[in-house]
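Quick heads-up: structures coming right below.
Presented sequentially are two complexes of subunit A, the first with subunit B as partner and the second with subunit C.
So, the complex of A and B:
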């Protein structure tokens, strides 16, 4: 019976109505990590051949969500990238993620060059997005917004790279939870009713080591000639499950254990619906065993490496077998084998003591054995850490490493943050350290957060780089490829684009005792009153010289002298 | 010694003088909240506003309706020739329209002779598509009466025409019902007045196709063409009233909130009228709010039931099938159920492609849209004949009617907003009133006064324009965030902060002043004693 069903679905696949202008694809990549954790990456892509910029027109949405479409056309957005992340991606243990994102919320937007008041539009846009995603994006203002000059180039088509139309902001403190996931799921054409999205149960997703959900909107080419452009909405969700915590020591994994659901169908609106399992490190099945087995294998070049995947096509009824449900199972056999060290990673910390000054250290590791490559470091530091830019040092291998490009925009108190961008050449197999000293500012009492002793967050540094690739990268952007490997456009075969985020910093600022203002008022008033009182007395009292009465000793002496008959003193 | 005392007294007096002349005003100025001047008197005048609406009515007598003697007394030249070749009132209406273009809000009544064959036998008044009406003169009014008598005879009829074509007491009451508490009318009229959306400078119209079963039905609708053909002409006509924007979306796996009951006698699923109230809520969560504006949204949902729950019929209170299979929810929108089970046989291969008949759907939605926008088609009085709808779906006088009631509603809304803002600012002295708020309030008041004046003069178009401006300005002032800043700053805490400074400073000054006074009194008494 399964075969029979399969043939039916195949016929239907062919009989789709002529020339639909929008297309939806869904995909799940599962990669067993060497640490024993498991990395699941969901990708949902809606491509719509339309033009949002056609002025005031009637808009008719089918697969593309109406709310985002309205945002694009109202605010003349050219590209929008927003991510919400809970937890920190551990590059050294887990390798590179398919879509990097910093802890908290990150938003960067390229506006069309027709926008005249970019700052005003940006403010309105963040307010609207904060409503759509139920997040505190409305806290994005001029004090945490920067215009990077080189680090964030448009990922879609378009030649305009004037960074006046770019805005970048992070909220490292933003906590991501169910209320952000629900509106994110609502943007999917099938919601969470069918297809891969049924696995997105919040109680499991947030019980994990790392959770990141993102929305990327950009214009893309429809074909290799790039005659027509279409808009791409890419919704991604990356999650790392901790094996040891929830499996009670048993090294075994299944869809049901991860998501408390199994799959029974693809989203009927999706033109492709696939699950990929990364079996590169497991060619003969010595490390882990995947069941049910699939004959379909696929190779893809991703992040400078050729990977092999087992593919499960959910649009084929045969995938679901006789039980009509797919519950992938990974059973570990050995925990041996080592991971290829990621070529680039970075970390950051605050050094120093006391509440007056400090030093930010950023370490960038180039693990390539013989190639050096340049990286772009972007640091956006809030104004209340006053950077001493003359103390900026860049050293690698104990020697001074002079950046070939520095873009520094000093902060203005309560108006804008520091922006520091540098192009640094990382020598092979080295650690490059960037340090800069800062002074902690004293805030006004209304500027402190409700829990000021927790500290103040400083967003992650962003390191963007073209890392030399071991294998030839695929430069054809329109060829049919798995979604996870086609996010960053690739211009040349010899290198691939990587973005690495460091940890956000938590910095303590001098914090007053908040009952102080009243105490201070009382104390000052008392001091003023005492001073005033004595001055007033001095001015108004009249002074007279009075004959002082003789002291006790004198009186006693006089009594004695009287008794002796000697005249008194 | 005495001069020393004198110096002390002078010092105390001068310190007291400095405190009173410099200190108190300084303290007053620095702790004062900034409150810009508001036109309070004019706002108070608005609170008991008398609205007077006037509409221009031009009465034109056709040949044979007035005697030559009467004609002499008519001040202006009257139009005598009246479409000799017209065979139907519709043609007459059109030709009269080309004759004289009447401005927005005014009416032209053509009085035609009793013997005219233009109107059918039992029809006395014909209401055209424009701003014209044909009125058949009564039989007894033929000859031998003075012009005054003739006019007096016509007056009640013209009043009736005016009530149908411009405004009636009930319209205005309905428009004010949200703002002003009036004596409750009958239930029907309250329901009518609650149905239409409140006046707003713009509306968002959203058409949503709900397909709960994309596995079985692949539904296509040509919404773009349908909007162009059916909805856009009406909205173009309504453009002076408000801005409209239209969009549409398709929602998959969107369920209704209730499970329809299976009726085996009809072999169909039914939705009862009392369960309709629960249909909307779960769907609404999917509809999504409008990201681009804060105007009210009119939702029109087309629900295609899934294959297992087809066909689905809506039943009314009398358990009868509703012909249109649709219903509307006041101030929210409309829902139509579109059964597709007839499009395919039992052996169909799923999913089936289904094209929706947009003419049928849009007919229902257009009727609902008219209702929700408040285009009321109340039954005309007996003897009246109303011209059929034109292609735009809205006659000129219907638009006028809407504009009259919307203008009144706008004026009422803006007035209540402004008066309550003034009241609030009056009651809470701590609120800062910035210049821009004062400016908004002043411009709202000016626009309101202009709107009222234009209403009195009968210039409907200007009145609506001014009333819209008044609403915008008043809302901007009312919802300005700067009003909230210093809302909570209670007096007892202020005094707790002032006392440590003021008490120790004022006590010595007061004491020494008392001392000076008592000393002066003592001295005067001594002098008195010395004199005696």
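So, the complex of A and C:
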């Protein structure tokens, strides 16, 4: 039945000549990790050969969601990347993710050259996106937006890159829950009713160590000549399930255990629907066993390494077997072998004591034995941590390492955050430490959040770098490749682009005691009452002698004496 | 005499027919509303106030089940309980102990969350005075034929309701907000339910017509919570809303239960506090008001036999083919970055302070050394 639907939609597509073509692909990559956890990455990609920027309005939406199409045309967006993440990606234990994202919400947008007021358009865009994704993105304003000067180059095609049209903002405090997943799922052509999106059940997805959902919109080449562009929408969802939370400690994973669902069909509107399982570390099947077995194998170069995958094609009816449902089972046999160490990873922490000063330390590790590579570090610090840039030091292996490019924009109180961008060359097999001292500012009492003792968040640092790769990367961008390997464009074969995010920081600012006004009033009133009252009494009180009233016998005697006319006692 | 009796019976007959007609017409226009809205607010923050979020979500669930769509519901939750790190079962909010009923569900859209739930935002939503870039899902787009349900829960006192442990809304402000709504014709009828301690004080000051109010406790009484769940570790629901939820679970979109049954929910024996209600500002008799007038949604469907002409889809004009070739941008062009010229900042004329300083220096200089030095300079 899906084949018939597919052919009918194809015929319909052919018969209406004015209609631009659109295409939808979905895939799921499952990568078992060495610690026993499992990493699942969903990608849904819609490509549409249309032009939102031309004068004529686009009115007939088919696979591309209308809400996002209207956002693109109304705000003249060239590229939009938004991600919502819960948890922190542990690079040393899990390797590199396919699409990196920082904890909280992150939004970066390239606008078209025709936009005159970028800041005003940015503010309206964040408000509209907060309505679409049910997130409080309206808190993005000039105090947490920066304009990077060298990082975040466009991921789509384009010829000019004037950084005046780029805006970047993070909200590290933003939570992700079912209310963000619901509108995200509604953007998919099949919704959550058919295909791989059936597996997206919130009760299992949020009971994980790491959960990240993102939407990426960019223009891509239509064909190898690359004279016309089409718009690509990628919706990605990365989740890492914990061995002890979700699998009860047993090293045995299945689709049902991970998602509490099995697959019964592919999305009928999808041109390709595949599941990839990473079996590179398991060439002879000695580490783990995958069932049901599949004859399809595929090799892809991703993240600088050539990996082998078992492929399950959901558009073929044979994948589902006689039971008409697919429940992949991965059972571990032995737990030996260690992971390839990632070549680049970073940490960040706050040092110092007290509530006045502190120091931010960022550590970048280069684990390559003999190659050094350049790294672009982007730091955006809120205005209430006043950085002392004259104390900025960059040291590698104990020696001073002068960056070849520094761009620093100081903050303005309540208007702009600090922006620090540096291009540092990391020597091989070393740790590079970037330190800068800061002082904490006093906020006005209305600027504190309702729970100020939790602390204030500082967004993650972004480290973008071209890391040397072990195998030659594929620079031909138009060949049919699985979606996870075509996310970052590749220009040269010897290195691949990677972005690493550090932890966000949580700093305590000097917090006033909000019960103070009440206590002061009580104390002052007490002091005034006691002090003034005593003084008043001292000044105006006079003492009079009063005789005590006589007893009963004496009173009777006095009455009798009065009657007798004799003076009383 | 016969003529007289004949006329008498004729008049009686006409009066009878008119009465029937008017009664039917009265029934047809009895509800008077064409759309339904709901504003559900939870005002408490922190994990131990789990029950307030569960209260709001259970009313949200009932309202959605009875037909009001998400686009007509403004849901404001001051804190996140479902994905809170202290929740042993993430993405769930339970209302009954032993985790029987998950009121959070799989299809929930929260419009205002976290720090956005403030008194200012709540009043702006009610009165419609929102900044122009506010998205539609965050607006209350009601008109004069809308029935609105407003549900508030949290911690309150005599005459106020606490928002997020940092500010309060008073009953006077709330009454004035409803009067503004009435002046701007933003509602047809409004049902106000509040589940806080001393909740009856919040509706004491109402003075606009067509308002009906229910509260979980009288002035001087505390609203109590229902039952704790030992696995989650907090109280799950408040008593009044728990019994309200049980009552609403029996309602379906076609049921004919009226407001008098709603007033009987949670008597003192179950609730420990005395629920109160106020109907003097309401024009209709509460016995004739259906529960679904506020909790359900009216969809008046008009069947038409007219034909509507659809315009042809706009064919995109194929413009001239771009001759230049596009390519992907280099993600980290090291040499370009190193040789990047610093951005030329726009030139501003010198600030007043700098001008004054230089004038002072020049004056002092020329005073000291005399004017004859001027000719050396000019």
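Quick note on the criterion: the second predicted complex is superposed on the first by the 494 of 569 C-alpha atoms of A that agree within 3 Å, B and C clash if a C-alpha of one lies under 4 Å from a C-alpha of the other, contacts with A are read in each partner's own complex, and residues count from 1 in each chain.
The rule we apply is simple: contacts are C-beta pairs under 8 Å (C-beta built on N, C-alpha and C of every residue); 3 or more make two chains touch, one makes a residue touch a chain.
Because the structure is predicted, anything quoted here is derived from the model rather than measured.
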item	value
In the superposition, subunit B vs subunit C on subunit A residues touched	C
Which of subunit B and subunit C A:221 touches, first, second, both or neither	second
First (subunit B), second (subunit C), both or neither touched by A:559	neither
Touching partner for A:526 - first (subunit B), second (subunit C), both, neither	first
First, second, both or neither for A:59, with subunit B first and subunit C second	both
Which superposed partner A:415 touches (first subunit B, second subunit C, both, neither)	neither
Touched partner set for A:132, first subunit B, second subunit C, both or neither	both
A:355 touches, of subunit B and subunit C: first, second, both or neither?	neither
Interface residues of subunit A shared between complexes with subunit B and subunit C	56, 58-60, 128, 131-132
Of subunit A, residues touching subunit B in the complex	8, 11-12, 17, 56, 58-63, 65-68, 70-71, 73-74, 128, 131-132, 186, 189-191, 193-194, 265, 268-269, 518, 521-522, 525-526, 528-530, 532-533, 536-537, 539-544
Complex contacts: residues of subunit A adjacent to subunit C	16, 18-20, 50-51, 54, 56-60, 86, 123-124, 127-128, 130-132, 134-136, 138-139, 149-150, 153-159, 161, 173, 175-179, 182-183, 201-203, 205-207, 221, 225-229, 374, 376, 404-405, 407, 423, 449-451, 464-466, 477, 488-489, 491, 497, 514
In the complex with subunit A, residue positions of subunit C that touch it	45-46, 80, 82-83, 89-92, 104-116, 131, 133-138, 164-166, 313-317, 319, 321-334, 337-338, 340, 342-343
Subunit B residues within the subunit A interface of the complex	1, 4-5, 7-9, 11-12, 15, 206, 214-215, 218, 220, 223-224, 227, 245-250, 252-253, 286, 288-292, 349-351, 353, 496-497, 500-501, 503-505, 508-509, 512
